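Here come two complexes built around chain A, the first alongside chain B, the second alongside chain C.
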Partner chain A sequence: MRYQNATAYRFLTPYLLIFAIFWVWPIISSFMISFQATRTVPWRFAPTFNWGRLIGDPAFFNALKNTLLILVIQVPVMISLAIVMAVLLNSPLLKVRGLYRFAFFAPVVVGEVAYSAVFRLMFNLDFGIINKLLASVGLAKIDWFSNVTPAMALIMIAVTWRWAGYNAIILLAGLQSIPEDVYEAATLDRVSKVKQFFYITLPLLKPVIVFCAVLSIIGTMQLFTEPFLITERGGPGGGTETLGLLLYRQGFRSLNFGYASAVAYTMAGLAIAITLVQLWLTREPK
Partner chain B sequence: MSSLSQRRLGRSVLLHLFLTPLAVIWLFPLWMMVVFSTMPDNGIFSPGIELLPHGNFVDNFNNLQRDTNFVGAIGISVAVAVTYTFFSVLLTSMAGWALARYQFFGKGAVVAIILGTITLPYAVVLIPQFIMVARDFQLANTWVALIVPPLFNSLGVLFMRQAFSMMPHDLFDAARVEGVKEWRIFLFVALPLARPMLAALAIILFLASWNNYLWPLLINSQPGAMTAPVALGTLIGLTKVSWGGIMAGAVMLTVPMLVVFVLLQRHFIAGIAAGAVK
Partner chain C sequence: MAAVTLTNVLKRFGSYEIIHGANIDIADGEFVVFVGPSGCGKSTLLRMIAGLEDISGGEIAIASKVMNDVEPAERGIAMVFQSYALYPHMSVEQNLSFGLRMTGNPKQDTERRVKRASEILRISELMARRPKQLSGGQRQRVAIGRAIVREPQVFLFDEPLSNLDAELRVQMRVEISRLHKELGTTMIYVTHDQTEAMTLADRIVVLRGGHVEQIGRPLDLYDNPDNQFVAGFVGSPKMNFIKGRVVGRNTRSVTVELVGEEKTRIMQPLAGAVPETGAKVIVGVRPEHFGNGGEGDADLTVGIDVVEHLGGTSFIYARTAHGEDLVIQRDAAKVPDTSEITVSIRKSYLFDENGQRLR
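Our next item is the complex of A and B:
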């Protein structure tokens, strides 16, 4: 094929222009801002001003700890649940498939604000339906918003509800690309369904699972709306404060762009590390 | 044979016994959203268990409209989402077309960069984007601010590249031999062929814009310029606010999307699943 530089770039230019202005430049810019003291006018270059503060800031480590804790618990639970959903939705034995698909996939279209509001009401201490249902079966009410552990659990429940179906859609597409005859051969050889799941489905699905895990980790790492709206600005007392919330607070409440950029680059560093792990996990066997 | 079909029956029963409660739990928050939106505030905050809709939706909606200009905000959200979807589909399909159709200098680099941004947190660009749009361009609280910066979209380009590269290129080559200009081939041959993929992409992009929260929250914070999610978000956490009203707003944001989802499920799922099948 011959080179058609001019034609190709004519089609690419609008896209690349937006990319250059709103992504490339900001990526460079926020790196530079993180080395500046931004609460003086004019900003001045101070390489250790923000990063020095970051490594000694208890608020940063609290946010980092909470974010990692949510990551480590919520992502594996959600991905496992999504795998179960996808495998079961794919079962030929399932009746009224459309209804089940609707149930699990519907949260995908629900906006963060709408579902945050509903979860806040549902988990209300005295009038929330969840505590009423707990009480009706003789269990103690849980104070979801005043104690750290239940508040964290609530955030994880909310995020899992919102995103499990999304991942199940991707996993289901992956499942459907596994050729049917692999299973037919295994069934003829009397391999049990459970063994088929662990020895055929999971290994063949691994790249898709890793893809879902990485997207979920990067999404959860930037978690903002749920602790902002459900647990009221990261409450109780910073118990659900995340890196996303810290960035918002520093950048857009205190207008401390330098420090917020350092927080943002910490998140980018984590994301890059996770992507490298992904590439390593899905590398082609030699 | 009968033991085999009995095993199948048993397995089927187990499957439904497990999946049905899970489906009910999953639908529960959506159901309660509808129920809350039809209950008066003193009903929401009462000790009884209410699981069925009442008849208070209109009152709740009026309360919401008293608390914030929600209808105006919905208008902004619709206009922004439609405009954004149009331009984003155009931009990403043009870029996808270039990547699928032509050999050009720097192609590998362009693809690598697009792939690289998929796993880059949005947080990294958020602050400079805000400084640029709000301070340098003075565009805060405008539609442009809501529409233009989110136009960059990497999964969409990969999706459209995939769509175009699966098409018979002989067709395009034949048109070229006839002397048809490349942009006409793109507009009048390739795009019509890509209609199902365009539909999937448009739905996903519309939804993303409709539900977008963080960027509109930051950049359009003035009451008259807020999108519907932002306007609704300002009420959450206030003390003197109608929760029935908030729920009516949540229903108005969600139910239209659920209807679209049911009607266009195939396109929806294709759009989301596209991320995995590369």
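Our next item is the complex of A and C:
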């Protein structure tokens, strides 16, 4: 047995080496960097330099506020939408189900730059289709890129468009794992379809909903692509800057790796904390 | 309580017909078991009565009211599923009361019904548990309890015991029988297990390939099967079938010679049509209808393959000289320690080449 284990570990060694060098070490290294002043040459150990700055940095709190705002508005809306989409996909009345499944999943595989470019065009003030549609029903044009509130809404719409279908497919798998005879029993119990949804489907789908919510929370905490590409690096005036974007700006534009590392650890810590709170709130009663 | 009547009931999936015009009358308070092998349509028929499957043709009536287009919830039935179909996220108490609570039944009445069901099924101490904290037998009790609280006109059971182990199955069988006596409600029960059918039913409906083969009381089916299928399906171990040929006939009887056993001739009285001399027939003999050599009409010497000793009774698995397998039932004390045994055929059934009973 010991010989077999040794052989197995020899086969695993190349992977474990690469994993240690490119995964584990950067995590440890960035943690150590967060305690160094990296704007001086050479870098020097200054434990409160970055973490102290973080506490008093208005840019950090702006990014944190934006990220949390997206989290509390966009994630529940997207999960609710995904549940509705999953229920519709699961309906026996739906024809060409495969086509819809593909269509819902397609946004995930579309290139981020391409979809961002399309969104910029669609929401363009003068010739975007969204403003034309608003005008056609008598509503005023919205300058999506110059005002903070519409810009935030645009980010949320884009993220929802991209990930709602993905979550719907995961939720669909959860829906399909609920035995049909439970619904048949409820039907014979004279429970209406609406009540079946709220009292049977949602409770039985809860573990999958929690899973999707955790994934979404982690994804939102790292949100970067949409504010970078659609609202042009967190514009207008930092109105859509997220923690991911702040990290990028500090680390790769200002080359302040110490502060960027502190931001990165804060993002990870927040994601873990929010996820733990959510798991605690949605735990199964004993 | 209510009578259930099925008149020319058909079920088609696309162009494929799986129930071919079933006619069944179930009396008020009767316990009827649908039995048959897998795929015979028994569960489909039950689900059609429940309203969970559409009816392609014919008519289903409960308490003289045609139910074809009536919603399942409005048919006055309650169903117990093979997989229990309990709500996994609810306690036993919530499982029992869920339907009543959702339909706005008065709280006191709901509590009364739940209490009564839990007492009948002796599950009062399990009320706070969830289904995953229950054994298979307890889950089945809860599933039955959920049906009881509805106070239905008709109970439908879809293979409710097939997920339980043998011992628990026997125990639950007795409980269901007791429940029927206690409630006196019409019950329709689907199973592939003929022992369950024989022990529970007032009447059995034997199904094969979507056709009703025979309807009758358990012992009537056992003693007087209409065809070879029913004869083989009812009884355990099943009836032995030996090929034969008519070698003599008169207006009231035939003499049949077993194929490969020229000395073994059976005289069978017949009230109906008598087959021609030379006609191929099938002789059916139940394991307990083999006597000691010389005791009956015809003796047969067979080679012993295996003997199963079950205590008081033994089953001898034997083979005729022509290679046909037989099961012979004997008192344990009377099993010889030899490789051959001569038995007599004390009672037999005669079937024509198509499996129809000749009587």
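Basically, the second predicted complex is superposed on the first by the 271 of 286 C-alpha atoms of A that agree within 3 Å, B and C clash if a C-alpha of one lies under 4 Å from a C-alpha of the other, contacts with A are read in each partner's own complex, and residues count from 1 in each chain.
Basically, a residue touches a chain if its C-beta (ideal position, glycine included) is under 8 Å from a C-beta of that chain, and two chains touch if they have at least 3 such contacts.
All values reported here derive from a predicted model rather than from experimental measurement.
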> A:Phe127 contacts which: chain B (first), chain C (second), both, neither?
Replying inline: first
>> With both complexes overlaid on chain A, does A:Gly111 touch chain B (first), chain C (second), both or neither?
In response: first
> Does the superposition put A:Glu184 against chain B (first), chain C (second), both, or neither?
Replying inline: second
>> With both complexes overlaid on chain A, does A:Ala37 touch chain B (first), chain C (second), both or neither?
In response: neither
> In the superposed arrangement, which partner chain does A:Tyr199 touch: chain B (first), chain C (second), both, or neither?
Replying inline: second
>> Under the stated touch criterion, which partner chain does A:Ala46 make contact with: chain B (first), chain C (second), both, or neither?
In response: neither
>> Quick check on the superposed pair: does A:Val77 touch chain B, chain C, both, or neither? Answer first, second, both or neither.
In response: neither
>> If you tally the residues of chain A touched by each partner, is the higher count for chain B or for chain C?
In response: B
> In the superposed view, which residues of chain A touch chain B and also chain C?
Replying inline: none
> Which bits of chain A are touching chain C when the two form their complex?
Replying inline: 179, 181-182, 184-192, 195, 199-200, 203-204, 206
> In their complex, what parts of chain A are in touch with chain B?
Replying inline: 1-5, 7-12, 14-16, 18-19, 21-23, 25-27, 29-30, 33, 85, 88, 91, 93-95, 99-122, 124, 126-127, 129, 132-133, 136, 161, 165-166, 169-174, 177, 193, 208, 211-212, 214-215, 218, 221-222, 224-225, 229, 232, 243-244, 247-248, 251-252, 257, 260-261, 263-265, 267-268, 271-272, 274-275, 278
> Which positions of chain C touch chain A when the two form their complex?
Replying inline: 50, 52, 72-73, 77-79, 81, 83, 85-89, 98-99, 102-103, 146, 150
> What part of chain B is in contact with chain A in the complex they form?
Replying inline: 8, 11-12, 15-16, 18-19, 22-24, 26-27, 29-30, 32-33, 36, 44-49, 51, 91-92, 94-95, 97-99, 101-105, 107, 110, 113, 117-132, 148-149, 151-152, 157, 182-183, 186, 207, 210-211, 213-214, 218, 229-230, 232-233, 236-237, 243, 246-247, 249-251, 253-254, 257-258, 260-262, 265, 268-269, 272-273, 275-277
